[in-house]
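Here subunit A shows up in two complexes: once beside subunit B, once beside subunit C.
Now for the complex of A and B:
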C-alpha cells in the first residue's frame, strides 16, 4: 500500500433531499481510473468534491503532503468569450501559481498537448465546442498536476482528437493519478487501467487492471 | 492574479463602455452644475438625490461582471483546489476600487465647486460624513450585495431578491404612500417593511433643509452599519466560510438593526396622511374649529422652567416647573404636543400629591389638595415629524408647545383668510417666566448662554435651534445658516441684507401704511431655516418679546403684515367675507401702489364681482389715488371691525377724500 496517493473515506453528500453519495471509500494510486455509472449516479458530485469545488457532508479525503496540484476539467466548461485562448490559460496558470518565468512555455505545452498549438491568439468566442473542451483539458494539464480529474473529457471530441487525447493520457500512465468519468466503453477500454462503477451514490465495483 | 481579472474587464466591451459612461455622465453633470454656480451643499444634495440611479447602474454592471465566470462556466475550473469564489472575490475588489475612484473624483469636484461657489469653507469641513452616508456607503452596499448574488452559485435565481432590494431602496418605493388613512393599516406595514431599505437619501416633497442635514440621524447610520455587517455576515457564512467573522458580524448586524428601529426624530415629510399632513389629520379628528382663539391660561401660569434637554434619537426633557395660580385650585391644564409622551409627573411641593392624564395635546393635572403654588417634576420624550430634535439638528420654535405651556393652546390653526389653508400657530406665548435649560450639546436659543450648555433668561418663549447653524457676534442677528451662503453672499452680505430688510420693512409699514410698529422694533433676529415655515405664509416669522424668529430673506413688509393681521383671531369671519381683504392678503404689498391697484382691478374683473363693486372701487381709486387707497385697505385688513362691509369702506374713503 506504499504508493497509495489518495485515500477517500466514507464520503457522503446530500444535495437537496437526495443522498447523492452514500459513503464512498476508494484508494487511488498513480494510475488511470475510469469512473462509470448511469446518469445521476454521482460521478460529477464525486469529482467536484475531490477537486475541492464542493464540500462533502461527511468523510475525509487524505492526500499525502506535497502531492502537488490538482487539475480539474468540469463537466460543463467554458471560457470568457472576450479573452484569447492564451489569455484564458494564462488566467488559469496564474490561479495555479505557475511562476511567470515558465508560464508561457507551460501554456504552449498544454495547448500543444490538445492540438491547439497555433490557436493561442484566437478569441474564445470563436472556438468550436470541441475546441473549448480541449482548452479545458489543456487548463487541467497546466502545471503538471499530480491528480487529474476529468469529467467526461471526451464529450464533443472528434475521432482524431479522441485519439490524441488517448495518447496524452497514456503518456501520463504511472506518473499521475487520473480519474476520468465517461459513458463510453471505448474510453474505459482504451484509457483506463481500472474502472470504478458508481451506482446511486455507492461504489458498486472496482474492476482492476485485469479488465480487458 | 487580479491583473488578469482587470484584463478581462478591459477586454469586455460592455464593462469598459459602462465604466466610461459611469464616470463621464455623473462627473460631467457635477462639473456642469458646479460651473452653473451651485453651492457645494446643493450639488451634494443633487448627487444624493440621484444616487439611486448610480447604485442601480453599479448593481447591473457588477452583476454582469462578477457573475460572468458563472455565466461562462469558467467558475468551477477556477475554483479547483478549494479556491472558493476566487474570481468573484477579485471582481468585487476591482469594482470596489472603481467605486472608490469614482467617489474620490466626486469629492474633488464637490470640494472645487464649494471653493468656487461657497462663501465659506464650512461645507468642506462638514460634507464628508454626509457624502459617505448618502453616496459612498449605499453604492458599496449595492456592489457587495451583487457580489453575494453572483457568487451564490445560482446568480439567476438570486437575482430576484436583488431586484426586489433595488426596488425597495428606490424612489419608486418611496413614492408609495397613502394620502388617506387606509382602513386596514397596510401603510403601517409597508412603512415597517421599507424602513430597513431607506439607505439612500429620501427625497420627500421638499428641497433639503440646510439646517438639518442630509438625513444623518443616528438611526439611519445604524441602518447603514447594519447592511454592511449583514452582508459581511452572509459573505462570511455562505462564501468565505469564516465562522468567527460570520458569527460576530451576524450578532452585531442584529444589534444594529434593532438599534435602527428605535423611535427617532427623522425629518422625512412626504404626502402621506401621517407625513406632512399628519397634524391637520389629527386635528380634523379632534377639533371642528381651529381658527385662532384666545388661550385660556388666565387661571394659572408657569413662572419657572428648569429643564434638562437631551437631544439623542429624539427629544427627552426632564425638569421642574413652578405653577402659580391667582387662587387656590386643584386642576391645572397644560399644553404639550401629543408626540411627546409624559413618562413621569409628580409634585415637588410637600404634602401635595398629583395625578395626571395626557390627552391629545393636553396634560390634565389633578392635585389632592387645593393649592395656589405647585412645583412639579416632569419627564417626557418623543418627537414631532416636522419640528425635529435629535443629536444632529434641532428646530424647536418658541411658539410650538414642545415644552409645557399653561392652559389650552392650539398647535394647528386654520386660516379662513387664505381660503381654509392651515398651518402651525406662531402665536403661542407663555407668560414671562424664569427659564433655565441645560442641553447635552451646544444650541442656539433666545436665552443667554451661561457656558457649559446652560441657557438662562426671563422670556416669553423657549426657542431652541441646532444643526448647521452658526452663532454670530452681532447685535442684531443671532445666527446664520452657513450652508445657505454662496459666493457674493457671505456672512457680511447676509447680515447687511437682513438688517436692511428688517429696518426698511418697518419703515415702509410705518410710513407708507401707517402701521404701528412699536411691537416690532428693537428686536434681535434669530434665524432658522426655511423649513420653519413652508406650509403657510405666516410661519416664516414670529415676533416674540425680545426677538424675532425668522427665515432669512423672509423679513419683509408682507410677512410682517400677514403676521400682524392674522394674530387677531376675532375678526376672521369679517376678513373671509371681504373681497378687498382677500386681495390684500394675496397681493404683494411691497409692490408700488399703482401696481397693486392694477392687480386688484384685474382681480375684481376675474372674480365677477357685481358691477357696482367695480364702480365703487374705481371711483375710490380715482378720487383718493392708489397710494391712499392701498394704505386704507391695509388698515381695513388690520381692523376690519371698523366697517360693516367693503361698500361702507369705499364710501368712507370717498367721504374722507371729499372732506
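Now for the complex of A and C:
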C-alpha cells in the first residue's frame, strides 16, 4: 500500500499477569489519529511501546528509513523543579540532538506553539498544572518529529488553550502522523481524522471522523 | 558531541553549588590538612593520609555520578527522556567520570608526588573510582533511579570501610595500602563483568 508510514504488526505486551495488548495491528498514514478506550484498555501501554520507552513482547513496528525522532508526551509528565521552562526544553533539545545553531529558534517556536512564549525564564516549580502540560507538549514538538505520540494532551488545559492546541494539531494534518489518546468526545471530533478504539488490548474498530 | 557538551553546561550551571561543595572541601580543607600531616613524613601518617584521600575521592565520585544522572533519571523527566535516548548512557557516565577526574587531578598529582614514591601511586584510587562509578551506573541502570544508585553505593561504601562484608566481596578496597589493593580475584571478576556488561549494551559505541 502506498503512503503507509508506520506499520504496527501484532504487538503484544504482558504486564505482570495481565495481557495488556493482545496483538495490535495498525497502519498509520500521515494524519491525526485518536486513541480511545476505557481506563486500562492499554492506550498508554501502546504509546509507550511506540515511543520506545518500553519493549513489546512480540510483534514489530516498521518505520520508514530516516523518519527521525518521535515526539512523545507521557501521561505523567512533570517538570524538573530547578530548571526554567527554557532550560527544560533545552535539555530535551540536547537529547534530541537538535543542532546548536537552530536550537534557540526551535525552542522558542515550540513555546510559541503552546502559548508559553514570554514565560521561558519562569522556574518550572512555579508553573501551574496546565502550563506543565503545555511545556510537555512543547517538548514533544521539538525538532518537528514525523511521528507525534501524545498521551492525553488536553488534560488540564482550559478552553482557550484547548482551542490553541486544536489549531496546532490541525496545522500538522497530513504532514505528520499524530497519535493522541483522549477520553473526550470533543477532542475526537475536533482533532482526529480517524479514531482507533481499543478494548481490553485489542483494536475494536478504526472509525473515520469528519469535521463539522 | 556538541549536544553532550551543551547538556554538560546545563548540568553544571544548574548544579554549581553541588559541584563546588566537594571541590572546595577537597582543596580548602583536605589538601592543607594532608599537607600538614605529611610534614612529619612518617609511615603511619602516610597510611592515614592515603586512606582518607581514598575514602573522600570515592565518596565524591559517587556524588558526581549522582549529580550527573539526577536530571536524566528524575521521575519527572525519565519517561520523556527515554523516548529521546532509548538507553541511559554509559557514555554519559564516562563523561561524569572524566569531569570528576579533572577536578580531582591536581589533588591526585599532589598526592602522587608526596606519597607516590613510597607507597605506589594514586592510580589505584582512580581505578577504584572507575570501579565505583561503573558499579553505581549498573545499579542505577537496574533501579532506574539516581537516588537509589547513590543510596546503594554509599551503603556499600560504608560496609567496605567498616569491613562488615567479608574480604572477597570488598571490591572497594579501603584502609589498605595501594600496592596490595590491586591483584584481587573478586575485583578482577567484577571488572570483567562490567566490561562485558558495557560491551553488551553497545554503549561504548553509541
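Here are a few things to note about the model shown:
Keep in mind that, in the parts below, the second predicted complex is superposed on the first by the 208 of 212 C-alpha atoms of A that agree within 3 Å, B and C clash if a C-alpha of one lies under 4 Å from a C-alpha of the other, contacts with A are read in each partner's own complex, and residues count from 1 in each chain.
Just so we're on the same page, contacts are C-beta pairs under 8 Å (C-beta built on N, C-alpha and C of every residue); 3 or more make two chains touch, one makes a residue touch a chain.
If you're wondering where the values come from, they're calculated on a predicted model, not measured in any experiment.
After alignment on the shared subunit A, the placement of subunit B and subunit C results in a clash.
Looking at the shared chain after the overlay, A:202 reaches neither subunit B nor subunit C. Once chain A of one complex is fitted onto chain A of the other, the partner contacts of A:19 are absent, as it touches neither subunit B nor subunit C.
In the superposed model, A:69 makes contact with both subunit B and subunit C.
Look at A:100: by the touch rule set out above, it reaches subunit C but stays clear of subunit B. The single stretch of subunit B with clashing C-alpha atoms against subunit C, selected from 220-228, 472-480, 616-624 or 634-642, is 220-228. Comparing which residues of subunit A touch subunit B with which touch subunit C, the overlap comprises 48, 51-53, 69-74, 76-83, 87, 90-92, 94-96, 136, 139-140, 149. Chain contact summary for the complex, subunit A toward subunit C: residues 48, 51-53, 69-74, 76-83, 87, 90-92, 94-100, 103, 136, 139-140, 149. The touching residues of subunit A, when paired with subunit B in their complex, are 48, 51-53, 69-74, 76-83, 87-88, 90-92, 94-96, 136, 139-140, 149.
The part of subunit B that touches subunit A in the complex is made up of residues 1, 4, 7-8, 11-13, 68-69, 72-74, 76-84, 86.
Taken in their complex, subunit C has these residues touching subunit A: 2-4, 6-7, 10, 14, 71, 74-77, 79-86.
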